[in-house]
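Following: one structure in structure tokens, then a few remarks.
Chain nomenclature is as follows: A, B, C, D, E, F, G and H, assigned in order of appearance, with residue numbering initiated at 1 for each chain independently.
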Amino acid sequence: MKPLVGIIMGSDSDLTVMQTASDLLKEFGIAHEVTVVSAHRTPLRMVDYAQKAKKRGLKVIIAGAGGAAHLPGMVASITSLPVIGVPIKSSNSIDGWDSVLSILQMPNGVPVATVALNAAKNAGILAAEIIGTFDAKVSKKVTTFKNSLSNDVIKKVEKMKKAGWENKFD
Amino acid sequence: MKPLVGIIMGSDSDLTVMQTASDLLKEFGIAHEVTVVSAHRTPLRMVDYAQKAKKRGLKVIIAGAGGAAHLPGMVASITSLPVIGVPIKSSNSIDGWDSVLSILQMPNGVPVATVALNAAKNAGILAAEIIGTFDAKVSKKVTTFKNSLSNDVIKKVEKMKKAGWENKFD
Amino acid sequence: MKPLVGIIMGSDSDLTVMQTASDLLKEFGIAHEVTVVSAHRTPLRMVDYAQKAKKRGLKVIIAGAGGAAHLPGMVASITSLPVIGVPIKSSNSIDGWDSVLSILQMPNGVPVATVALNAAKNAGILAAEIIGTFDAKVSKKVTTFKNSLSNDVIKKVEKMKKAGWENKFD
Amino acid sequence: MKPLVGIIMGSDSDLTVMQTASDLLKEFGIAHEVTVVSAHRTPLRMVDYAQKAKKRGLKVIIAGAGGAAHLPGMVASITSLPVIGVPIKSSNSIDGWDSVLSILQMPNGVPVATVALNAAKNAGILAAEIIGTFDAKVSKKVTTFKNSLSNDVIKKVEKMKKAGWENKFD
Amino acid sequence: MKPLVGIIMGSDSDLTVMQTASDLLKEFGIAHEVTVVSAHRTPLRMVDYAQKAKKRGLKVIIAGAGGAAHLPGMVASITSLPVIGVPIKSSNSIDGWDSVLSILQMPNGVPVATVALNAAKNAGILAAEIIGTFDAKVSKKVTTFKNSLSNDVIKKVEKMKKAGWENKFD
Amino acid sequence: MKPLVGIIMGSDSDLTVMQTASDLLKEFGIAHEVTVVSAHRTPLRMVDYAQKAKKRGLKVIIAGAGGAAHLPGMVASITSLPVIGVPIKSSNSIDGWDSVLSILQMPNGVPVATVALNAAKNAGILAAEIIGTFDAKVSKKVTTFKNSLSNDVIKKVEKMKKAGWENKFD
Amino acid sequence: MKPLVGIIMGSDSDLTVMQTASDLLKEFGIAHEVTVVSAHRTPLRMVDYAQKAKKRGLKVIIAGAGGAAHLPGMVASITSLPVIGVPIKSSNSIDGWDSVLSILQMPNGVPVATVALNAAKNAGILAAEIIGTFDAKVSKKVTTFKNSLSNDVIKKVEKMKKAGWENKFD
Amino acid sequence: MKPLVGIIMGSDSDLTVMQTASDLLKEFGIAHEVTVVSAHRTPLRMVDYAQKAKKRGLKVIIAGAGGAAHLPGMVASITSLPVIGVPIKSSNSIDGWDSVLSILQMPNGVPVATVALNAAKNAGILAAEIIGTFDAKVSKKVTTFKNSLSNDVIKKVEKMKKAGWENKFD
């Protein structure tokens, strides 16, 4: 099956964070691919990846990067696909501020859809929501998923009541 | 024509920033609507808007807010449509950090596609890119638009050469 | 006994922080309840909780949340009860700044009484001070509690003197 | 009529910000007083004010201060009344961060109910909410006030529709 | 011997940081005292301490505090002695910013001589420098101490050369 | 009369800020000198100034600087006199954070007595407090000055009462 | 004369800042060129510029950019010439932090020589210092320039003395 | 062989960070020296080192420092060689911001080529790039090195494919 979402990251060490995006897409049955593309170590590979992405059938690109994180923004400058940026709190990062601001503060004309620090799972969900704009099945899965969040909370409510916490609301 | 994109904001005073999102969508010929929905002043209207958005045919929601900006995240918690958040640097904001962090740092399960501070135009482009995932015409327009950015730069290159700036590259 | 204070939080994992609010209220003999209400995972439950709070006899709501912390502000937008917000430094938080600013920087019309990062105990004391505005017994307990802080310091003064630290003041 | 709320500030130059707290309380018909009490210029007056506040019949204290803002926290250390702190962005402030953190980050045992930067109006509303815990008339006024926020938004919705903005929701 | 320097802190838990100030003064043979004075837990003790400090013969006060650190500034508002403030990075501090700004950003008229985060040793040296303005012996000791810093570096230079690091300068 | 305090700054453009230090010392009758010494433009002059300061009879040095502000710390590394640092918010400063941190965060062994951003007046008062440790007349003047701050507040209290502000405290 | 230094920037609007780099190089007689190259609007032009820079005889590249500033780092990823990055405080920047961190925090393997916010003049001087490592004439000019900074200060010293400021040092 | 690059740092404890600069230069066969020079503990040694650097044949100086990091800037004020500054995140640093800003934000006339926090390896590469402006062999080594970064990425791409990650691009 042709991948609809391309997940790229600067190094395989980012995989511990980025894997949750892939897990989510698998859970939703969305075909995707995962590879390493570095803006600073393989700039030409990055250009190549971005230039071919649309023709290869990708619908969304998820790009994770840390520090002076240029990968999401540079890819967005070359493709007209929506690009989701995941700021990663790498070692020697200044508390994550560097990757957040390098990804978020893009100039007029070249947006990156930025999610929270290390929030690769949310990048996966956002990708699914985008796919869902034209694929009703996926859209329904997102709806089901969001409803399930509510169920998790209700279970915790019950758990706390059993543990003896006073609760006159429920 | 039924709107595909809903642009909402907490107050009509945000319109000076948010208008550029509408302008962009007009330029791309994407039907959209613009109204005021406040998370804190009209919480129930917000719930109502988010609950009906998908059924009403919207594909993307763009939500702008300043300060403790809850509108984009709350809407995202109710709908399964992609929600684009525009942090607005309002008066008494702490340099925009409050709106940026309130919109960006969403918990697992509920992403908001955050763009740069005051970058409503980029929110419009991102919405177009998302529409473009299922509408080839729009996708083509985004490609044309991004190419035009390049042309603007080339014109500036020429302008600077004429102004007498040394340039052996071009 | 009907609870006067409602303590709510986004997840039971916040309980390690929020428990000190409950402990304090127990110590002061103030009836209260504790449950999970998530702005982003159970938005409708949150609306419901906030809408019924006053009629159910609650006098104060304490809401703890981390990251893009919308729970305290959203509850405050629906109820006319005083809402105390506790910013929680969750994992992947950007040093707690996100929850602090998301809770504190509320727009005109919808205040949240924000306390320090992770300071659920102080939220409990503040709730007691509010109850104390109409319940003289509770007010007296707060006074006694604040005086006891002084006694603790005096004991430390003595302890340090015994440990041989020069002190000509006492 | 004996004042229920004491509004204090470090200098009469803070009055431009703090006046909105008084305006709000007037609107709600809540008796209050307004004066200058400086933690750093009149420390003994501050102690005196805090020590007598409860006996004088005050129910809530609103204290505004800028820079290294010690007034709210010091008053809270002496009285058992709820103290609302208003961080003020004074000249030479480091973007307001100094007053926000000096007021918010109080140690265990001594809470200050902190509101947003310069948000004296919200301090007034919060005071009314606290008074409302024992005075049903005031509580009702707060409810009415919060509902009116919604009406303001609805008027803006209408205004924008008349100005020709597409809106299929309303 | 009457103490010339008073070292105060909000809690005996601050002693791990503040002890180095005492160690330094001992090394310099400067009589001093060490005790607990809390701005928020013992406000009246703090006033008392500050009011009597000069008459008791103190020449300098060193005050350490964390979070919303009011102790140094409040003591400085009451005494005309120089007050040295030591910001302490306590637990739940927002990276130390809160204590740094609460101590440093004092208003016109009431300075606090602020040193680096946790830099109690430097507070001790600064106190010695102040004593040295009227006590030539102490001033000489400070000079000797600062020269010794240079010697320590020279030893490290030698150590590194012995470890085989190329060095054509020395 | 030989100067007791040396006021130095990196450029005569800093004079608009630093002048208030001189004004204060004049008011207190403390002999002082004012000149330009730049760490980065005249490093050897700076070394020379710092080396001779004590022998020339100076008791305190006040050094103001902006941006990467090295002047106070470098002077402190050479002299054993107390050095007061005034962070100046210069153009192109990053909101003053650069000068604050460059002056405050000195390593062990070399303290700088840092005052608030642009707070040259407080530097003057602190210098007077230090002189006051051996000159009773100056110490008395500082006491009088601090008392006068209180009087200013009392006048404002009166002014506000006359303007019709309710005040049952005074 | 073939340019040794290439000055590039994202837009001609950056010219007001970047011009000082060109002015400085002119003053030093260093051949250079100035043009617009945008990482986000002309990614391929950027790759082309960086790939040819060395062969075209350039020795240093100065790249200025604001917001999520990717130009300096991306150019550095392609060329082995030293790249000097100038963070520019553009409108909608978050106080310049975004451009500073996007340029400075490059990953291992791809350095950018970052100068202060808006400090294009310093970028010019640094370029001259680099040229000076192989061109003794330029190196001498840098030395003369740095000495002249000292002379400027000495003139200010004289000016202040004439204006009547006490100064016993000179 | 005469050293071309001087690596200096404030303390031998900085060696764990700074060593990677030396390792890199060794790898590139660039003669260099490593020693301790402290701006604050050995100011005169620092002046001496900076004054002699050029005559001793050095082409570039790499200076690492933490906290209020004055070493790079002070050396740059004395020599006309390019100075590379390495901000080090020392203990008691405020998250590295202090060293970054103290090194980066130099005034007009005295640039420091600043690299990322703890990025001593990048300082080594930058030094090699500067040497490469006049030494074609070194320049070629830098080119080879940067190409090798690409190879490392390609290996990771292969590794991930073997581990079973879907990848239709390669």
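Methods note: a contact is a pair of C-beta atoms (placed from the backbone, for glycine too) under 8 Å apart; a residue touches a chain by one contact, two chains touch by 3 or more.
If you're wondering where the values come from, they're calculated on a predicted model, not measured in any experiment.
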Between B-G and C-D, which chain pair is linked by more C-beta pairs in contact? C-D
Separation of subunit A from subunit E, taking each centre as the mean of its C-alpha atoms, in whole Å: 48
Distance from subunit C to subunit B - Cα centre to Cα centre, in angstrom: 36
Computed distance of Cα centres, subunit G from subunit C, in Å: 51
Could you give the separation in Å between the centres of subunit C and subunit E, each centre being the mean of its C-alpha atoms? 34
Mark out which residues of subunit B touch at least two other chains, giving numbers and ranges. 40-41, 67-68, 77, 92, 94-95, 97, 100, 104-107, 109-110, 116-117, 119, 149
Which chain pairs touch, all of them: A-B, A-C, A-G, A-H, B-C, B-D, B-G, C-D, C-E, D-E, D-F, E-F, E-H, F-G, F-H, G-H
In the complex, subunit G residues that touch subunit B: 2-3, 6, 11-12, 15, 22, 31-38, 40-42, 45, 49, 52, 56, 67-68, 92, 94-95
Given the complex with subunit C, which residues does subunit A contribute to the contact? 89, 95-97, 100, 116-119, 149-150, 152-154, 156-157, 159-161, 165-170
What residues of subunit C sit close enough to touch subunit D in their complex? 54, 59-60, 77, 80-82, 84, 100, 104-117, 119, 121-123, 125-126, 129-134, 139, 142-143, 145-146, 149
What part of subunit H is in contact with subunit F in the complex they form? 10, 39-41, 43-44, 47, 66-68, 70, 73-74, 76-78, 92-94, 97-98, 101-107, 109-110
